[in-house]
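First chain written, first letter: the chains are A, B, C and D, and each begins at residue 1.
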Amino acid sequence: MNAIIKVEQLQAFYILEILGKRKTVKAVNEVNLDIPENEIYGIAGESGCGKTTLLKALFAFIEPPLQICTGKVNYSLNGKFVNALSLNGKERRELRWTYISYIPQGSMSVFNPVKKMKVIYLDFLESHLQGKANRELLTLARQHLEELGLSPQILNAYPHQLSGGMRQRVAIALSTLLKPRIILADEPTTALDVVAQRAVLQLMRDIQHELKNTIVLVTHDMGIHANITTRMAIMYAGRIVEEASTQDIFSRPLHPYTQYLIQSLPRIGDKTTRSSVPGSPPSLIDPPPGCPFHPRCVQVLDLCTREMPQLQDDETNHKVACWLRSDQNVRHP
Amino acid sequence: MGILKDLFKDYRFAVGFILLCLLFFLVIASFFSPYDLIKWLQVPRDKAPSRSHLLGTNSKGQDVFWEATFAIRNSLIIALISGFISRIIAILVGFVAGYKGGITDRILMGISDGLLVIPLFLVLVLVAMLLREALTLVNTGLLLAFFGWAWDARTIRSQVLSLREREFTQTSLLSGNGTLSLVIKEYFPLTIPLIFSTLINNIAWAIGMEIVLAILGLVRLDIPTLGTTLQWAITYQSMLLGHWWWILTPVVLTIVLLVALYGFSVSVSEYLDPRMRIQRIGAK
Amino acid sequence: MRFFRDYLIPRLIQYIVVIFCGITAVFFIPRMTGQDPVLEIIAQIQSQGSQLDPTAVKSLMVTLKELYGLEGTLFEQYINMWKRVFTLDFGPSFFQFPTPVADLLRTYLPWTIGLFVTSTLLAWALGNILGGIAGYFSHKNWSKILDAIIMVIRPVPHYIFGVLVLILFAFVWQLFPAGGMMLGRRMVVNFKFILTILRYSFLPALTLVILGGASWFQQMKLLVQNVKREDFVQYAQTGGVKEKLIISRYVLRNAMLPQITQLALALGQVFSGVLIVEMVFSYPGVGLLLYRGVTRGDYNLVMGITILSILTITTSVLILDLFYPLFDPRIRHR
Amino acid sequence: MSVTLKAQNLTKVFSLGGLFSRTKIIAVDRVSFVVQPAEIFTLAGESGCGKTTTARMILGFEFPTSGELLYHDENIQELKEKKEWFKKVQAVFQNPFETFNPLRKVESYFCETIWNFHLVKTQKEAHDLIEEKLQAVGLSFSEIAGKYPGELSGGQLQRSSIARSLLTNPSLLIADEPVSMVDASLRMSIVNLFREMSDSLGLSVIYITHDLATAYYISDRIAIMFRGNMVETGPVEAVLDKPKHPYTKLLIDSIPQPDPLKQQITPIKFLEEREEYLRKGCKFSGRCPEVMDICKQKVPEDVSVDGEVVKCHLYQR
């Protein structure tokens, strides 16, 4: 299964200037990741763990105060790998929506409030398909909506006339308009009710099935990951602590943090008392030395407080970054 | 003193602060003026600026420099009276309309919209025509204050409306605070930057209005203010006769005063902006 | 139909209510001062040195009271004031005795309206477009320099800036006449006449456009810096939409909406600015009329000007309010 | 011991629009429920179902259009002094970062609550009371002394908010989505707090949420709300394990289970229902899989079915 995006030693920090003091928020810290093709890849983690920043880096959408300090984000463009971060503005703009597209958080104000959906669709199409008459572009949009089971009447409506669920499905339709190879979704269903969320997830599953492309789904809700993703990575304090197929993550979680995360989820029909992770999430400005989870980890070793464990594959393509699980600690206890 | 160091990073504050100190120095100097405030023909007339008379003398036989120091002081008195009293009215109306809501909000806003739309300047002129003699410094200030609050009441009200929706209002009520202590303890710290910047805008407006009233001859012309100095300069045709120093002094002084006030207010209100203050608290 | 009922009728009612309150205020506020305009005028005449024997003073008082509609109870005065407003008859002007105020206004008002409309729209458009672009490229140097210049111009009051422009353009560089266009010339529409109109009205228009433009510039720059951070702009940028489109269709288009309501709210002050500038350049408009009326204590004229200005401003506010839904679909389609 | 809180036919109607166009939205429609002492009662439902409006009516921030609220059989509207009412009822809110004014120290809210309600006489007693309540929620006074909200984490702020609400020893606590903005890893510790307080202090808690899983874990009884109606009320095991109302079934079925084996395969028809508020008859009839024509005409009555109260025509016969 070849990868469509290869992330190598990526470090993306926010450089903040408050009252003359320079503060660096280490949002993404030495991340290595291979995102496979034709799969729904999940990135899980709590708020403030850097998953949205990682998504922005994947999308090569870097706006100050965010800066890429080291590392590459390689897209596989017709066979060979190109570092997206080294592309200039024009090349990046051309790749957007044709090669890689983005589904927003689904907050209220994602579409231009004073224009009809038709105009918004034309803006996106016009910027990428040169030399096509508006009429042609509109028929393209109308067909696409019908394929996805949405009524073309939507094009004549204004954004404020659509409900939250409908607006999010239109955003998804827009992001798949030019059949991109990769779709990045940042918490696509957080702002929706559970019934609307189910319809949106269903739509994303159908699209991936039909286009055979890759959807990278970022959300803190483990239920959604279990429901739709096939492979996932768990992020904590800017680092990937565990990466495996969704089946493995839920059946035998290896990293203590993942275990806590899954164990603390309440389930209907099961009233056993659940406890949450002790302590509080680390600050990304000066993360604790060694493994960032060690202040909250119950099985903490002396080594954990000094050195950062690397992601280690245990031959079943199940990677984990924890001294308890890696065989290295056998050599120097 | 750390605050001043941060503020000076903003060039607008630096310019504004220095100019304001300069003008403040002039105001202080006016108390030590060798010449009388009102008497005419104290010096030879229409002399160009020289060592003895820094800014020359005018056709009324007064030293332009010392007249200017009185003018700034009096104009500032009028502007400050207008500024502070209109703040009180604007805050009262803004907070009551914003917090009470319902009928009182509609009535108060109806009055303030009415005052906004009709040309205040003309009604001001109408009233000034009648009061004419009585328009001493204080009365002019009060008159300007009465007309100067409508605009700001509206902005304060909209901020209070947004604050009322925020959750800490409910926490404060649940902590047993009454409406008054809620407004003072919770809303005031957040609206201070707005009140400060509208104060400076009102002062600038008051100075401009005072000048126009003086040009129309509606204030006591013997008391030197920026407006009356300009008015005498125009009636004595100083422009045609080439006494440029007499007419340019009030013009330049007004511009310097207002630019300084504006630069000072913009930078300070940015510094006081709640978001900035929260960041500073966080960065400690 | 819903639009008509939800949006139009409340606006019309507000229009009538504001006119009613405005004119009532203009009627009551001067009376609150407790000063009697007639005594004021007589004192003014005597202070200008002309001696009047007592009987002449008494008869003058009676006629003046009748002229200013000051006889009868307050309520009667109020009623016949409204009668006169509806017939647009503000009584005779004092310093040009027989001619009624209405005629004076009819000759001078078109000039003011011309200057008011053109300069306001020009200032609004120029200030918003420049401010919008400066706001979008706020990190660029030219935008910072422009911002600094505008910051110096904006706080200057109308009269002072007018005098400055007058001194520079009329006396130092002598490019334009120092005002004093012939009053009340017959309106003959030919090329030469229009040229003289332009020459005389250039300086007042320049002052108004610069001053007005400065304040619109700053408000728009602030608005655009906020709109730039909105989700729909970021989303369009991630979508690779051309920057030209983003600036015009997304940023300027949305930032313009609050500026329309702001224009409607600021009309009162903008109109006052026009009157003041007319005084500086003695441009033959209502402002100059006001200057002469005030300096000669012509109470009727000033009252007439005030009422007429209320009508002009509230009508322009109504027109602007009616235009607003065309720009904002959220109001058109509930 | 009499019932802590009893609501009878509680209704709230908002009228929107300008002078002429009065569109009426029935936010809460004849809601009745009972809260026993030391019981956690959950109000669950999607956004816009009226659960927060109900809470605001109980707290007195909103006045009911009709119906009564009885606190220990005493009508709340008769209570003249609102401050007296806040001694008995307190609340915790959704967004920890908005609960406290960013420009005021967190401890100032504690002191105000103590002095406004005259809970203690001396400074020392005040300090001890605050320390005691903070210990109860797993914090210490030193952690929050002199601190501004900006300097504390979401979890700490939410615990402080709970501690503040406990100062007056209320007998009813309203928690409006208390954990939806808190990190998942910390969520359980705060949810467990409610259970401990309810058992140890005999506190009745009205827990408002859209997350049924947490509701199942913590509450004793639950009411499912839909467009202002209480469609199903009863013990949480009965309502969520064996749901009766079609809407409750749809809600439970749509929750993504954190288990890859239980993936939602059956597609649902996403019906775009905008005017459900004004609908005649049962408000869910637009998208109810078991809809009958009676549903479209008559609003169903409350029917008690083996210990539960269901508002649905299916159980009318």
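The rule we apply is simple: a contact is a pair of C-beta atoms (placed from the backbone, for glycine too) under 8 Å apart; a residue touches a chain by one contact, two chains touch by 3 or more.
The structure displayed is predicted, hence computed values, not measured ones.
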item	value
Number of steps on the shortest touching-chain route linking chain B and chain D	1
Pair sharing more residue contacts (C-beta pairs) when A-D is set against A-C	A-D
Maximum centroid distance from chain B, chain identifier (CA atoms)	A
Interchain centroid distance [CA atoms averaged], chain A/chain B, Å	53
Separation of chain A from chain D, taking each centre as the mean of its C-alpha atoms, in whole Å	32
Rounded Å distance, chain C centre to chain D centre (Cα mean)	54
Where chain B touches two or more other chains, by residue	282
Contact footprint of chain B on chain D as seen in their complex	59, 61, 83, 86, 90-91, 93-95, 98-104, 108-109, 112-113, 116-117, 148, 150-151, 161, 164-165
Residue numbers on chain A that touch chain C, as the complex places them	59, 61, 92-97, 101-102, 104-105, 107, 109-116, 119, 123-124, 126-128, 158, 160-161, 174
Chain A residues within the chain D interface of the complex	46-48, 163, 165-166, 169, 193-199, 201-202, 220-228, 246-247, 250-251, 257, 260-262, 264-269, 271, 273-277, 280-281
Chain A partner contacts - residues on chain C that touch it in the complex	230-232, 235-242, 245, 249-250, 253-254, 257, 327-330, 333
Footprint of chain B on chain C - complex, ascending	14, 17-18, 21-22, 25-26, 29-30, 33, 35, 37, 40, 148, 151-152, 154-160, 163-164, 166-167, 171, 265, 267-269, 271-272, 275-276, 279, 290-291, 294-295, 297, 299, 302-303, 305-306, 309-310, 313-314, 317
